């Protein structure tokens, strides 16, 4: 049986990012019609800053979702990295590039240590990263006693506030680099393909000669690195080394990939879809403020959004399964 | 399991030596905020100074690891077990903290609600704090003055679950109402006492509405910091702003002219005076039932720890302003509120 | 030239000797059959060769050098290609990427060169005469194509030794013929091929040499197949000549049908299914893997939607929408072919597994029930089936396959079902238990239970069933009256299946 | 979620070994935990002033009661191999309904309690129903419902606490049944006992375990797996509601912030207690007593560490390390026992 050719429409429908992309577009158009200030340069700047940071956070979770696991420690790694970065600069006067390398190293090490335990013991990632969440957060608070570090270097502050051109913030640059890198990772790099293979069919992946342990450790290391980058971006954006950085990453880090079509059981992720997931969440958060909508409603809307995304993904999966069943029966 | 027991044993033996003996009686003050927050940082110094000044057994600043009602309760219960007998507590919840305070009192300790009040009826001796409503009201008045008596105000404030938040919202509204319509509060953004959401929401608001707003008042620490940064970022000196508290960022923005002033509260004074009063009450003094107690929305036994507005001129020396009001309050406290034998 | 040599390998698992002193020699340029009944030790031997298990003693050598692989990955790298029974492909990836999954790049962060990857994969596809673009996503392939992709994947490791575990189980006869043509060519190129199958016809068709295992020992070690007759092989496998049948055909029953399907169609894809099962009758349902037999059983149980036709139980039209309804309202039970995944709850006790079907019935008004109550009902059944367990509280995962299978039948007997659908009853159990189960099925039928027997094991089918329905492509192709004479009946059955293939 | 737990590499055909029930008990997770608790208590009692004071014992016990209940709530859904991030939200919502009923509607306590508890169960039903109908993992469904439940509650109450509750509510929270024993602890112990009976002797409880261990096998054995999973979520909701009411009794008021933003403060005790106690995250095995012991251990440790003044902030990290050590130790134990063919 030769592979059947699909209509352009069907193929478009199969793309994870088309749906969220359309929703983002419609939301942007609708909100800017109702509130022209939405497209003002400053607002675009603000929106892009928020999107940039949240995208990197979401990517950090996306790697692990691709593997079919979850990383609850994402936020606490980000927080630990953020305060370590500002801390070593403030306390020991370490030059910024060195501090940067040190901080990113902490992120990678934190991620990899969790990955190592998961790979070696095969205890569920949920429990190990839950323990990691407590440990990293505890170390964070133990060091800072919950007081922020203020000694953020001017260069870093400027980075968080400056724009590249027009309303586009510099924060977009690390976000773009991370996104492109992750796209390459998932689509073109050996390790990324192995992560997805492990996520789709761990048994097959292992029998095919993929080193499962190395793949798991890599994935968690990459996740830690992205959490670290996001933490540092937040330091630049907030202009302060806050110990609370990362506390509220959990929900949105899952929501954006899921809205973007990722399947929690693994093997199926979309960087572009995740991007639009982040955009949708950012637009809704901002739209609710703009239109002076009760802040209490925000939570409800976010929850409903996740359910909606889940329903859409589910319908699509069922449709694909039906098409395949028909193909097999023929 | 063997591993665990070994680890636990090692840990226990290792830390055994640092268990303090607290058998010695005396006034053992614990200063316990609701959770970690920069506002309370001054309490640590205040406690240490009070211990030296008044010869207390202890005056320790002990912070729950997170803003969790339950963690604060656990900490308070443990502190009581550790032998502390006098507590300055910022209630994690105006209602929810009442029962643990009651327990402390039932076990012979004394409690002053500090920096925030417990809702009556409560076992606290009294509430020592900023009159948040009044502070917000005065701040709003200062803002309205800076705005030239008319315009539109946006109000950024803290957690909706914080009892003070509603008081502040009402007070700002009251100041605006007194202008007979010349000033209007166009938006209240609440629940943003954490950096990331504050950043997102305040910026989003300013992005869309900067042109439609003439003044900003912030009545919580984080929103003040974030709003000050935002105004600096847009380089806007047209919009007037009055902040709260003494974060470096806010003080610097005042000096640079992006913010018009800030309402200083007096955390140091609260810790220092609170420790003093608790010691006096343990050493023969009683509270005067007919003292000049103020009342607010939560309690009828309220003592204002003072609030002061600093602007561009006074900002560099804001510490003096705080020391000043503390000294004033301390000087008159025994006369006004205490009966000593 | 010796390609793979297994010498005197023994392997014990706690409580059981899986392999004792087993040897096998595979030479280059030959197809070597590995035969044995279920549970004879074939899969353990494959696991040892591929590094999933380690032998207690004995050696494995590849191309003359002793090897001891720590895992399948090392085995693959060492040039030992294995195609497992279950499909092991990443269905969302392309054909090419699946073939070369472990060689996507030198380092973790290497970029994958898809052009050369697909070019390389194409080479292997060509070798297999598989006319598929290597860029095609695997999920779009047919089962047979996937099978070939897996062989391509094994070959791409430059394997000179290729082990195929039941490669034809899910193939149509035509597809099998294609596969055999390719295997012959590989053989002629000097590849040593190991071939595990239950279908003796195929073995005689393609294999040169044969190793037979029985009860974990060599019944023969790499004998030339040309000197052996079919009967010889069967004798070696089961320790005696193939028992075509010892049972006389049972008298026909004309009781009113217990279950009747008329023009039934299901959401799973069944069309136009009509069948009847009468009390006391054993109806066989034969077909190749993928013919839709187990799926039909599930559909009857209400796991697929009924979309046309009617289902009658005792003449009354019913609509079954769940297994619970099938069991409690209509007395229908189902012994699953996949005992571990579907038949039993391995981490629970014998008692919990045996009593699961009657908890509802036994509970008191408060919904409470005691172990002793359940044991009182399940115990006699377990004893009757001679389940060997130290106590009913034993975790069932610790029992032998045969005893597990007995429990998975026992739970339905305890529930007193009137119609029992039995799916592949003798997978992974020893010959004695198998014979015992056959007797049991007959005994149940004698007592008036209606039995629908699904099996791919032709001798079993002919030995047990009263009449045989032949299924293919989710339809009933026809019915064969079983007079227990192996050759005519099996020919008739295969004829019905081939009818479609020819068409 | 990846493969937690017990794919014991025991091949078919391995003969079982006889193991006495006493032996089984000694090798169990609960026994190790109990020994550990006794050791810890002994060390703390000898070295820490005030650890054994009636007040200290009373407050630790009360907190154990609450944490046990929260842990049991999560355990009830872990049985199915799922989880419920919304336990905190359900607990708070039920507590707020409880407060509203009594303070605003003037409903008497004996009526308000069952109504609030059933309300919790009905929120659990919403979770369970959505999980079963959508076939999506409960993690993502309850992530959404956590937001929605809490958001609606805050929206309706405007975050205002109910503190005008009948005095007997607060009195109950402070009551001492015996010197040093809180009725809240007794409730938790009673619920534990009820759950032990439930999982061992009731049809539904057994069905939950069966469906959790192997949903397909259970379904094919005539268990309506979907309904059973919904029932698990309802039980979770019910237990979370009881936990919510217990917290309400302790604080003497129904406070929206009692479980933190979105009820997330409960998540740690909710997972710590059952996991320490030996409940398998992959489902099919529960340990009610283990959950009680897990909650006990956490609270004794926390309390001891607070008394040692190791620093409030480090306790968090310490609990994380404890969790890690516990799962690693349990894993080691399983590997050891498996290698000996003992389980």
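When the chains are written out, they are named A, B, C and D in that same order, and each has its own residue count from 1.
Rule of thumb we're sticking to: contacts are C-beta pairs under 8 Å (C-beta built on N, C-alpha and C of every residue); 3 or more make two chains touch, one makes a residue touch a chain.
Keep in mind that what you see is a predicted model, and the values were worked out from it rather than measured.
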| item | value |
| --- | --- |
| Selected interface, C-D versus A-C, where C-beta contact pairs are more numerous | C-D |
| Interchain centroid distance [CA atoms averaged], chain B/chain C, Å | 72 |
| Gap in Å, rounded to a whole number, between the CA centres of chain D and chain C | 42 |
| Chain A and chain D: spacing of chain centres that average the CA atoms, whole Å | 30 |
| Multi-chain contact residues (two or more partners), chain A | 138, 141, 145-146, 296 |
| Multi-partner residues of chain C (each touching 2 or more other chains) | none |
| Residues within chain D bordering two or more other chains | 154, 158-159, 313, 315-316, 328 |
| Topology of the chain contact graph, where touching chains are joined (line, ring, star, complete, other) | other |
| Chain pairs in mutual contact under the definition given at the outset | A-B, A-C, A-D, B-D, C-D |
| Chain D-touching residues of chain A, taken from the complex the two chains share | 68-70, 117-118, 121-128, 130-139, 141-142, 145-146, 202, 251, 254-255, 258, 264-265, 294, 296-307, 310-311, 314 |
| Residue ranges of chain C touching chain D (in the complex, touch as defined) | 13-16, 18, 39, 44, 301, 303, 322-324, 326-328, 334, 336, 341-348, 352, 356-357, 359-360, 363, 366-370, 389-390, 394-395, 397-401, 404, 411, 415, 428 |
| Interfacial residue positions of chain D with respect to chain A in the complex | 1-5, 83, 130, 134-137, 139-141, 143-148, 150-152, 154-155, 158-159, 262, 268, 271, 275, 281-282, 311, 313-321, 323-324, 327-328, 331 |
| Residue ranges of chain A in contact with chain B within the complex | 35, 37-38, 40, 42-43, 45-47, 49-50, 138, 141, 145-148, 150, 161, 234, 237-240, 242-245, 247-248, 282, 285-286, 289-290, 292, 295-296 |
| List of chain B residues in touch with chain D within their complex | 1-5, 7-9, 12, 15-16, 18-23, 62-71, 73-75, 77-78, 80-83, 92-100, 102-103, 107, 119, 160-161 |
